[in-house]
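Take a look at the structure set out below.
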């Protein structure tokens, strides 16, 4: 009994490293195992991902229940050497990381199970599974790492493997083209992120996020680094007007890859959140400029603070993202491209809430070194983080349904589809669940997060929530159109011999559908147990630093 | 000159201004003072022989202190090889 | 001023790369632009490593107290060089495929996302 | 006008209020929604039951009457996806023209948009 | 393609062993002198690329094809991550340099004097990464050259 407990404790201690190391090991082993047998290889990939998810849930359970932060120093030794600087790479996992890791593990599991039948008649599957596992490892590395340069490395791993997988169908010219666009975009974004990391290193001689967050002074170089980080990660997250690579990539990739791309995109969004809220958390309300001038007699005096500027930028981009995503989705006739535009709109909802949260930062508590948000701002942050989970599940389910239809009919153009509900009953049911969830219909999970976003943004500015509600209605219209033109309608004899999707695809879709219904029925449970610790982890940036540097006292720079 | 190119030139020059200005306020080449004293690297330089036993400081960083980065780097190369092979694979039919 | 010239070179490389990507239509030239940005960033990293009158961070014996150039930026540069090699290889592979499909390398002629082929 | 809309939305939100902390101001309970759906379904079912029941297959009743024109076969009866919301798209043509120009498949334009956003961010964060 | 002229092939035959030896030297002394697994591997891979240029991709592909190379690369990567996992098992931390300090293998603390018997797992990792880089870079070059070769009658 005692030994078992020790084993559990050991696994818990090492899980941050194992979550990344096990998929890498599996990826290195897959080409050798693929020489034996195809079924063994597929089962091996599923087993590796299941093992990783087990460690993820072991870790997340501990973190979310106890509110603790796990650090893992690679190579052993203390996190900080004497003198207060981190020599070794270390992973630091708090509530937000655990939350994102849960999402990534769900998506990875669904994607790998789905691939079993979906990719059966393709060649080169050894390398396909290798790249899938590498992409999963890159996602987890981006999510869990606590080191800036390590973040860049895993960003590149995820990008390169994703690019090779997007261009998997090399007989389609547009797939190759989409892959090229993706690799160009992600290469430029990653290189400018590396430039920002080098700018930070040149001033503080540190690469560790916590140490940088402790040291950072918001000099001019820091501002440039912040702009580079935000722009690069926003492009990787597919925010309008830097979103055009996203429909191409999502639309051309195999569906089992697309669901992982969703996870990679949200890992980039997490990166942007971590950089702004933790790395620059100390300076989040620093006064950039003190405005004081006379306007028709009475003098106008106000301060331009960093969170105001950030909130302004993010809200501007959010409105653009929601509008353009929905409008383009309404026009699009290619199934997967349409879902991709809807995904862009969903990302817009997240950053709408996050921008409102930035605007709502009132002050910084110097005792616990945490940002103090107004109540609607805190609610907006919770809603945005909750919406990350819901968006991953809903959009992922819809992409899997689109993949199932492609598998059955070899057709993605909605103009050529019709009357599929007769042949593919379960797929139709899953699509309906995804439809109502994405459109924010009340009994499902989309509404649970969207009402938080509506309420909180309404208290920031009514127009924002009006726009959000209108676009949500348009989103429903989009998917009603899909439902009408793909599933309803008279029987078409060119689809007479269309069969239901095979089992593994149905299993993958079923997992996500069950999660959607569960979250829809018990939103408060998820909100209190998973989302709130993540939001607190973002707000109390001091804990992130304290975990590494125990004797850290916040020292606010001028302008407060 | 089309609208697209003119807009491109404007924002290109904007970025150029910021970058060049940042180049001028970076610390002078090779000069370290108390503000940006390289403590971390000095620690590695002082302890590489004791802790890792390697005479080559760079190798001790690459394979010991920041070994995980190197694993990621090797993984990137592995990924590129897998990608190139999968893209030039022989399609059925 | 004279000590800022390496950074000027870095910025120049990055801007030339961006220029090549934005204003050139040939895909190969875009790839060259990306490699230029990458070499600029690598040059910046390796520039940060230099310390005045310092030697390479390699001991030839047990002497101590030398001023050595910083080892961490060397490691970072090595990593980012290898990553750049990987990215370049993949991009060129895709360019080859694009040329096979479209018989052109003009960025404007390829990939007009319209109806299905 | 805007004030009225905001009032309306306020009332709509206040309709959710049953004083739960988890959802801040408003609150919604999925079970009530499910019950409401079931009741609505029952009402619809009753109304449907009240309809006429003398319905015969293969008679004049089931013939489609397209103002005397012959009925097209089933394939053609299906409204294509690009024809749904035709009026909406026709009205917003001016907007979609710009959006389509935005979404040309040119990589350097994508990078140009990134450069524009980067410039704006630099100007707003670093410039101020 | 049947490769280049006899002169080029002869020169390649003469110079390739030297390139190979130099690359292996750089790999083996990675923890003492400038260089390491990546650099030495790149050197050896360039030598192999020289053979590829001299003899043509078809001939090289007959000798060794990309399946063998990717298997070799997997072995190198497995060696690397395996050493890291051994650090987790013996040294109780992932990537722990568990060999340094004790006298099993490469155990000595190097106080200069270019003692190759130092630095713990670093030389082993150098070898693993070297194998990986040789196989990987050569696989990339070979596959790209073979896919873009000039076919007969064109």
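For reference, chains read A, B, C, D and E in written order, and residue numbers begin at 1 within each chain.
As a working rule, a contact is a pair of C-beta atoms (placed from the backbone, for glycine too) under 8 Å apart; a residue touches a chain by one contact, two chains touch by 3 or more.
Note that the structure is predicted; figures quoted are calculated from it, not measured.
*Asks:* Touching both subunit C and subunit D, which chains are there?
*Replies:* Touching subunit C and subunit D alike, sorted by label: A, B.
*Asks:* Can you name the chain that lies farthest from subunit B, using the mean of each chain's Cα atoms as its centre?
*Replies:* Of all the other chains, the one whose centre lies farthest from subunit B is D.
*Asks:* Pick out whichever of the two, A-D or B-E, is joined by more C-beta pairs in contact.
*Replies:* It is A-D, judged by the count of C-beta pairs in contact.
*Asks:* Farthest from subunit E in C-alpha centre terms, which chain would that be?
*Replies:* So the chain farthest away from subunit E turns out to be D.
*Asks:* How many Å are there between the centre of subunit D and the centre of subunit E, using C-alpha atoms for each centre?
*Replies:* 58
*Asks:* Counting only Cα atoms for the centres, state how far subunit A is from subunit E in Å.
*Replies:* 37
*Asks:* Please report how many Å separate the Cα centroid of subunit B from that of subunit D, as a whole number.
*Replies:* Centre separation, subunit B to subunit D: 46 Å.
*Asks:* Using the average of all C-alpha atoms in each chain as its centre, how far is it in Å between subunit B and subunit C?
*Replies:* 9
*Asks:* Among the residues of subunit D, which ones contact at least 2 other chains?
*Replies:* If we look for residues of subunit D contacting two or more partner chains, we find 103, 105, 107, 109, 111-112, 115-116, 118, 122, 126.
*Asks:* Hey, what residues on subunit B touch two or more of the other chains?
*Replies:* Residue numbers touching two or more other chains: 8, 12, 15, 18-19, 22, 26, 38, 40-41, 44, 49, 55-56, 58, 60, 62, 64-73, 75-80, 82-85, 87-88.
*Asks:* Which parts of subunit E, given as residue numbers and ranges, touch two or more other chains?
*Replies:* Counting only residues that touch two or more other chains, subunit E contributes 32-34, 36, 38, 70, 74, 77, 81, 84, 94-95, 97, 110-112, 114, 137, 140, 144, 147.
*Asks:* If you go through all the chains, which pairs of them touch?
*Replies:* Chain pairs that touch: A-B, A-C, A-D, A-E, B-C, B-D, B-E, C-D, C-E.
*Asks:* Sort out for me which residues of subunit D touch subunit B in the complex.
*Replies:* 109, 112, 115-116, 118-119, 122-123, 126-127
*Asks:* Which residues of subunit E touch subunit A once you look at their complex with the stated criterion?
*Replies:* My answer: residues 70-71, 74, 77-78, 81, 84-85, 87-88, 91-97.
*Asks:* Along subunit C, where are the residues that touch subunit B in the complex?
*Replies:* Subunit C residues touching subunit B: 3-8, 10-11, 14-15, 18-19, 22-23, 47, 50-52, 54, 57-60, 62, 64, 66, 68, 70-76, 78-79, 82-83, 85-87, 89-90, 93-94, 97.
*Asks:* Show me the residue ranges of subunit D that touch subunit A in the complex, using the header's touch definition.
*Replies:* Going through subunit D, the ones touching subunit A are 2, 5-6, 9-10, 13, 16, 20, 22-26, 28, 30-31, 33-34, 37, 74-75, 77-82, 84-85, 88-89, 92, 95-96, 99, 102-103, 105, 107, 109-111, 113-114, 116-118, 120-122, 124-126, 128.
*Asks:* Please output the residues of subunit D touching subunit C within their complex, sorted ascending.
*Replies:* Spelled out, the residues of subunit D in touch with subunit C are 103-108, 111-112, 115.
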